[in-house]
Amino acid sequence: MIDIFLLEAILNGILLGGVLALLALGLNIVFGVIDVVWICYAELIMFGMYGNYVLHKDLGWPLLLAFAVCVVVVAVLGVLLHWLVIRPVLGGAPINQLLVTGGVLTFMQALATLVFGIEFRNLGISMPSLELGEIFLSQSRIWACGVSLVAVALLWLFLKKTYLGTAIRAISQDREIMPLMGVKPGRIYLITSAIGGGLAGLAACLLVLQYDVHPAIGLTFGPITFMVCVMGGLGNLLGGFLAAFIFAQFIQVGGFYFELEWGYVFAFCFFIAMMFWRPQGLLGKRA
Amino acid sequence: MLRVEGVSAGYGSFQALFDVALAVEAGEAVAVIGPNGAGKTSLLRVVSKLIEPRTGTIDFDGHDLAGLGADEVTALGMAHVPEHRRLFAGLTVEENLRMGAFLPAARKQFSTRLEHVYELFPRLAERRDQIAGTLSGGEQQMCAIGRGLMSGPKLLLLDEPSAGLAPVIVQQVFDMVQRIRSEGFTVLIVEQNIQQVLRVVDRAYLLEVGRIKASGAASELLASDDIRRAYIGL
Amino acid sequence: MGRLANLIGLVALLAVPMLGVSDYVLHLGITILIWGFVYTAWSLMGRFGLVSLGHGAFLGIGAYTVTMLWNHAGISPWLGIPVAVALAVLVAVLIGYPCFRFRITGHYFALVTLALGEIVLMLIVALRDWTGGSLGVTPASALSADVSFSLVALQVSSKGVFFYVAVGLWLLGLWVWKRVDSSMARYALEAANEQEDAAASVGVDVTRTKLTITVLSAALTALGGIAYGQYQLYINPETVSGIAKSLEIVFAVIAGGMYVRLGPTFGAAFTLLLAEGLRVAFGHDVHGLDGTIYGLMLVIFIIFMPEGILGRLARLWETRRAPTSPRTASA
């Protein structure tokens, strides 16, 4: 007979996996297309969470309207990030492209501290728990997981069925000949940045229902998002999806037996071990 | 259709082309032949504007190509099938073909052209859902040419379509080129396999270390003793 | 001439505590020297393209090992230091060897080291029963009103004395840098950074050379962490570990310039004086203001001046002196 609390942890892991999958997807698609890691990705999400807080709590906008506006605003932020920060260093050393977004991370985190202070804020919405026999699951988590999965599916359809989506998948395989297809790579980069930002904005809406927002929140789930992406194989969307669920189980079940931090420690150790065992990612082929 | 005059080009301090001139009329098939490293690939890359010429003019279908990017040249109706085929290895055959029809004007014709390409290369139709990277060399070349045709080009540039293929397959590739010709496409083809290519084109230019050394009707060049001795080894 | 200037500079530096300067000035000096030392250690790797986002791990291992041994087992830092450094070296090898062996470079290397930094951060927090968790920990004090110096505990209340310790460490960092420079390793690594296969084909053992540099860098960084802990007599996970600390290192090094020997030290001085300057200008701490400026400047530096302030100055100086010389700072 399986422990009921363990079962609850596993189910929570699945719910977390859905959200992690969404988080990783935005980062992954940007890396796949532009070959740049947005180290400040989680800070875009933080920005979106504050945006929701301001619009809904301070200005009293309806929640869904605030959500929609935040998704758009963070998408625009993604475009600006690419245009102002990434584009000028695209020809430079690859590591500069990573470090420059590190500068954006520091900037955004400090700016949030400057504007909002360091206290924790939340929307003050609490949804009742869902009771399944003896298992309690948070409704906001179920929503988050459900919406994430729908978003992932929609994005997958877009990538698979449209010309633009096909180009987004093609560009990571052969950047140089894209113009021969009549494609302007710069335009694809901007569109991809908007998608990456939009996904961060959506993630912000889902996370703000579960977690308090504070300036350092990006540091708590930023690293895990990178790990998920790398383990899936940066740019490999399906691999990232799988990795998200594996990581989530590590965190939830590891946290169930020990403490939450241990869950993370196990997950990161597992990540490093995986890097050595399958450096190309879960689903990648050995070069 | 295409008029290249006084074109020089290179990479960094290396100059690949010196004062090159050539012309392709509508409906013609023209070859640029020459040994390895003669600058043939650079010539096609200049024509499709993957690299910018240092001097000279390129006129395509009444448009001066100065200042245009490769994507804009493609939109004007030029399709460049690059060296080594350069398929999107992780996409399926049909997705590769769809990329060939990326331009808005081409999208409308997608299904008719797709049918046409499949008629031309029935093997591709059989393998439409296969990942392009897993195709054989000859099939990959078909897919690359098919991708070029999907935009409905006025001029098709082929860069060494026979390179790296087994002799039997080389024969098939030139049959393909022949078929495309008979469809009425205008073709500029660059090749090292001189004997074979001269049988399927109307005219040819001989390129040596970046300069045009000779030109003429394909049959004349094929009969020329100099060329036979130097390149065909007879 | 260079040698004489160095000597004069060193004597001037050593004279600082004797000039009767305030404790505040000495504090700034010590902080700059310790962090300059850490940043120099980081740059040993960084300038060869081994960008680590996990050096917080080595700081943390250094500072926490020594403090934990002292607090919980009463083991003197004299023994704790070699243990901590050995531990840092062990971790560096465990991570570095597979990375270099499997050619994990660039983004991937940065992210693997990022994971390492997070593991150490999380471990410090998770082991809160011993480490005090995120609240931090104070090494059990051996000092009192009468005792201003404890050799066993390696604690000292006089900033003047600690200043000399910091100078010693800092000189150690510069010396290692110079040794690396003058040994073959430098050419080997530069070649490896450019073209790993090419370097391997001319007989450079790329894996081994990279590992040596990594071990040196980790050991020195751990020493830096220990020095910081013994100086502040307080450590917490955020100040010695995690991604924020690692990015701080990167920022300072990039601002100063990681391709010239004094660049990292310059970066330490620059960032600290900027923060202090802002604090003085506003009369109090404005939370987030310095970070906002750092972040913005980091972006601007990388876009417009990737060789850093001192790197740029050095290049201007060189081109002024030898206008025909084609050498440019590598960026």
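First chain written, first letter: the chains are A, B and C, and each begins at residue 1.
One rule holds for everything that comes next: a contact is a pair of C-beta atoms (placed from the backbone, for glycine too) under 8 Å apart; a residue touches a chain by one contact, two chains touch by 3 or more.
Bear in mind the structure is a predicted one, so any value in this text is a computation, not a measurement.
Among the other chains, the CA centroid farthest from that of chain B is the one of C. If you compare A-C with A-B, the chain pair joined by more contacting C-beta pairs is A-C.
Between the CA-based centres of chain B and chain C the separation comes to 56 Å, rounded to the whole angstrom.
Centre-to-centre spacing of chain A and chain C amounts to 31 Å, using the average Cα coordinate of each chain. Taking each chain's centre as the mean of its C-alpha atoms, chain A lies 43 Å from chain B. In the complex of the two chains, the chain C residues touching chain A come out as 49, 51, 53, 95, 98-99, 102-104, 106-108, 110-112, 114-116, 118-119, 122-123, 125-126, 242-244, 247-248, 250-251, 254, 286-299, 301-303, 306, 331.
Considering their complex, residues 163, 166-167, 169-170, 173-174, 176-184 of chain A touch chain B.
Per the touch definition, chain B reaches chain A in the complex via residues 48, 50, 69-71, 74-75, 79-80, 82, 86-91, 95, 98-103, 106-107, 147, 151. Across the interface of their complex, chain C is touched by residues 31, 37, 39, 85, 88-89, 92-96, 98-100, 102-115, 117-118, 215-216, 219, 222-223, 226-227, 230, 234, 258-259, 261-262, 264-265, 268-269, 271-272, 275-276, 279 of chain A.
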